[in-house]
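Chains: A, B, C and D, in written order; residue numbering restarts at 1 for each.
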Amino acid sequence: MHAIGVDIGGTKIAAGVVDDDGTILAQTRRDTDPDDVASIDAAIADVYRELSASFEVREVGLAAAGFVASDRSRVLFAPNIAWREYPLRDNVAALIGDPDVRIVVENDANAAGWAEFRFGVGRDVEDMVMLTLGTGLGGAIVSGGRLTRGAWGAAAEIGHMRVVPGGHYCGCGHEGCWEQYVSGSALVRDAQAAAISQPERAAALLALAGGRVEGVTGPLVTRAAQDGDPLAVDLLTEVGRWVGEGAASVAALLDPEVFVIGGGVSAAGDLLLVPARKAFDEQLSGRGHRPEAAIVIADMGNDAGMVGAADLARV
Amino acid sequence: MHAIGVDIGGTKIAAGVVDDDGTILAQTRRDTDPDDVASIDAAIADVYRELSASFEVREVGLAAAGFVASDRSRVLFAPNIAWREYPLRDNVAALIGDPDVRIVVENDANAAGWAEFRFGVGRDVEDMVMLTLGTGLGGAIVSGGRLTRGAWGAAAEIGHMRVVPGGHYCGCGHEGCWEQYVSGSALVRDAQAAAISQPERAAALLALAGGRVEGVTGPLVTRAAQDGDPLAVDLLTEVGRWVGEGAASVAALLDPEVFVIGGGVSAAGDLLLVPARKAFDEQLSGRGHRPEAAIVIADMGNDAGMVGAADLARV
Amino acid sequence: MHAIGVDIGGTKIAAGVVDDDGTILAQTRRDTDPDDVASIDAAIADVYRELSASFEVREVGLAAAGFVASDRSRVLFAPNIAWREYPLRDNVAALIGDPDVRIVVENDANAAGWAEFRFGVGRDVEDMVMLTLGTGLGGAIVSGGRLTRGAWGAAAEIGHMRVVPGGHYCGCGHEGCWEQYVSGSALVRDAQAAAISQPERAAALLALAGGRVEGVTGPLVTRAAQDGDPLAVDLLTEVGRWVGEGAASVAALLDPEVFVIGGGVSAAGDLLLVPARKAFDEQLSGRGHRPEAAIVIADMGNDAGMVGAADLARV
Amino acid sequence: MHAIGVDIGGTKIAAGVVDDDGTILAQTRRDTDPDDVASIDAAIADVYRELSASFEVREVGLAAAGFVASDRSRVLFAPNIAWREYPLRDNVAALIGDPDVRIVVENDANAAGWAEFRFGVGRDVEDMVMLTLGTGLGGAIVSGGRLTRGAWGAAAEIGHMRVVPGGHYCGCGHEGCWEQYVSGSALVRDAQAAAISQPERAAALLALAGGRVEGVTGPLVTRAAQDGDPLAVDLLTEVGRWVGEGAASVAALLDPEVFVIGGGVSAAGDLLLVPARKAFDEQLSGRGHRPEAAIVIADMGNDAGMVGAADLARV
């Protein structure tokens, strides 16, 4: 059975018709205004109408970047969209006006992780943890073949596991959150700090950035590392090390078979994975008495949220 | 339907017939030798025979202190009993000799947590994390009403989540494991360290311990704290603080409705819970936008492992 | 003998004639432009002319906020004034044009600490460490009655001792510097973070700040704490705790008789000192086998830099 | 002028006549009992008599492993010898019975550091910090050409600077002391922990140790590293990294021109120095705006304490 998945970002929504195998049969997009939540409801109804004109669909999955209530109907809070205790499912349902269409709301990182679990690099396992290294560090947990949502839908906020007491400040108001060590933002911040404290080591990186500290970006660090720049390699090694060390803590709790690394920073590939695996090996408790989780790069790309949301609407 | 639960400790086993409501109908015990694993198999078969003489039972749950394979048949490794890749289920089954009896092996902390979830303080929730503060820090995770076992049965080794990079050495060979801050051993070690570095503050505690640093024990610290000794109160506050701070990290991953605190240290009650809740409140990410987990004391006592193992044999 | 001390800030200079007892006999000021270093030279020469018209002086001490070379003539680097390898002494000497006038350049925090050592709360000791909690954390070290300048004049950059590996980012490009835990900026940042993560606890503080997180300032936290606001008390307790814990590390190296706390945050008095002393007591190595340093508030106020610079010109 | 230096260890004393250039002209030894402090007094008087029979000496320097009062006469506390508030100078003076002989007591690490400063690798600098990596981490500080003793003689207990809050337990009763990361004991402990948690990586090291975890020693790790064993290299790299990171904090306070590395672990040479220098470079605050301290191996060997004590008796 086909289902529609909608990935709702801050300034646009991407929607698609997805079949049982995770294949996208048709796609469409709309620009949106993150401060005008009613316009987002309307845009979702609109893409539904467009896509359902050509495909018969009964399920719609909405991937939302925020805390989603465990009844899969409301967004409790979103950092970048003006949703506060927002009845997204019911609002969209009212606009669609067809009681036979089932709508569910899912956290976007959960949706992306679910796509990897069902159709991507995690398709052969039952226990998987996804880490999405973007601006922050998002996550998804699959245990025994089921998505872990938690009592109130706030599970897998994995970037806010504390890894350093008294560590880096986090936008969440706390200190030492994992995402302050493992994310695109962390990479950029470390790179810019190195450009200040060790300008001679950062010469190549600064040159790529047009000589401006603020010009240093994540993709630029990755490119410099791929070209062999020692500082850039060190910076990615450091992020990778923190991936592995944090993953060892997660493994102590969840014992997954695989960690799937997604998000923009994952483009660094082995520059990230090799130190991640080394650190994981060194930090995993009970090593030698248990098999060890693999750490691999995601393979569903940017459509993962849409595909996962569609599939979760069938669950 | 009745089931037998067997809690296998280092030097004795405790077994009981448990009904559907978690009530123990009959009990028995045997002394065992942790270095003679065959004798443990025999003792289990023996208690089965004794108990099954008076009760009809088809399920036997064995709670084992070690890594248990996810097929619930083998103990991969145990720190205090000489099990190494040990086929405990099949060995016991061969001795019992009745193919209609279903036998499962479970990790003992998981069994105890399951008992709290089914019949104890967690009986009204679907998402629960148990923390057992004994010599080490054991744990159990229930997500969406199911026990989280992990890909290889090693989930919920919660005491080995790292909370301090470069922190206290742990018996597991790593540094900064949570159980080095939250356990009876941690409490005793901190108390003894205070007795060395701050003898005048520790005068009351040392007096209770007969003047010997090594005489300071966990129950003695709890007693001194209940009598108002400022150092003892501080020591339990510190353990409680680490309970709460670590629990906030766990909540970022699992979003449970309740944390259940068991083990010997939990006798300290509010001396532990009040600072634990305060630290949890201060450290929980996303607070204000989500409900907050309760932190409560376990109520199943020492029989939890036996009761939980029996119940898990029916799952 | 009288000497002139000049305290050179970012936007103004304050100069005074100081006698042997540290008493200021006359004072004057000039506005300056931090980007126009020649104008600062000229302003210094100008205040010299004004003050030397009424007093006979042969020594001029210049307190500069930056790295000062150990020959006391050049500013190697300043964060807020455009000095880079700048020959401040020789430039000013050329403008004054009197070879009998001796001019020395000193780091401003060193000058302030020296004033406390000679005329203030440290006047009866030989070994003292000053901590100035302002925007950052400045310091001065007096060992055996002499100012510790270091091999290249960069000693006593005490705010950049690392206290948390992987800790808060610092403007210096590193992580976990003491000044990120002990300074007015740290206090404000922690207060603002609490206002985000625990809005209900921060209600009183936010009300004082006109309801705006950015309106929360250090003096406001101190005032709220003096009025008994629990969060504000906790915030100052936390800064005080870090004062004491860091001071214990400094004491392991330098064994001073007194720590002198200055800067704007020191207005909090016992709200800062009590937790600082408690933490120092708990963390000092070898306690019980050695006397313990006192931790006290500075008493020379804002003129300390001017007075100390004048006095150091005589050394 | 010749002077006698006496290095007082737990079970023996080594004494020598030292000339103005730090050359040892004659030596002798005695076995001693650390629990019988009077016998140590007597042995010192005895070596004085023996050596003064052939050389005219008026100064005797005693190097003692403990807290030495700043009046250089008493040992306040020693961890391995039964000195408690012990008047070592006066007791020895009474036994020698010659009022023209000047006797001073110095901390042994200070004496060794002084020898390096006067005659060894630090002879051309005025600001030096010595780090002695033995069982613990001892230290000596020379600022502006003078030994830093502190207000009560307890300065340079550098191994007890805290580098990790909540870090490894230390024998001093605190947590996270530098010597728990930088010392022979730390090296051995990390090596043994690796042998437990990563037995396959530790195979070569274990083979050298006769297959026993407890057989792993510091010299053995150094030997394995020199032979290229990756784990052993990693272990020394880790100690070296902590040398450099801690030294960066010390440099923020003291700005020395050179760090001198002594003690048994220093035999590892570049295996220790290369990572130490890299970490120091990366962590030093204000880098680029100040010259950087060198990190070098000590060259006075085991006689440093004796030579330094003799020389300090002349100061």
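Basically, a residue touches a chain if its C-beta (ideal position, glycine included) is under 8 Å from a C-beta of that chain, and two chains touch if they have at least 3 such contacts.
Please read these numbers as outputs of a predicted model, since none were measured by experiment.
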| note | Comparing B-C with B-D, the one with more C-beta contacts is B-D
| Chain whose mean Cα position lies farthest from subunit C | B
| message | Using Cα averages as centroids, what's the distance between subunit B and subunit C in whole Å? | response | 52
| query | So how far apart, in whole Å, are subunit C and subunit D when each is placed at the average of its C-alpha atoms? | reply | 33
| note | Distance between the CA centroids of subunit B and subunit D (whole Å) is 45
| Residues of subunit D that touch two or more other chains: which are they? | 163-166, 172, 174, 197-198, 285
| Okay, in this complex, where on subunit C does subunit B touch? | 165-166, 197-200, 281-282, 287-288
| message | Help me check something: in the complex, which residues belonging to subunit B touch subunit A? | response | 67, 76-77, 125-127, 139, 141, 143-144, 146, 148-165, 170, 172, 174, 177, 245, 248-257, 283, 285-286, 289-291, 293
| request: Note which residues of subunit B are touching subunit D in the complex, please. | output: 164-169, 172-176, 181, 189, 193-194, 196-198
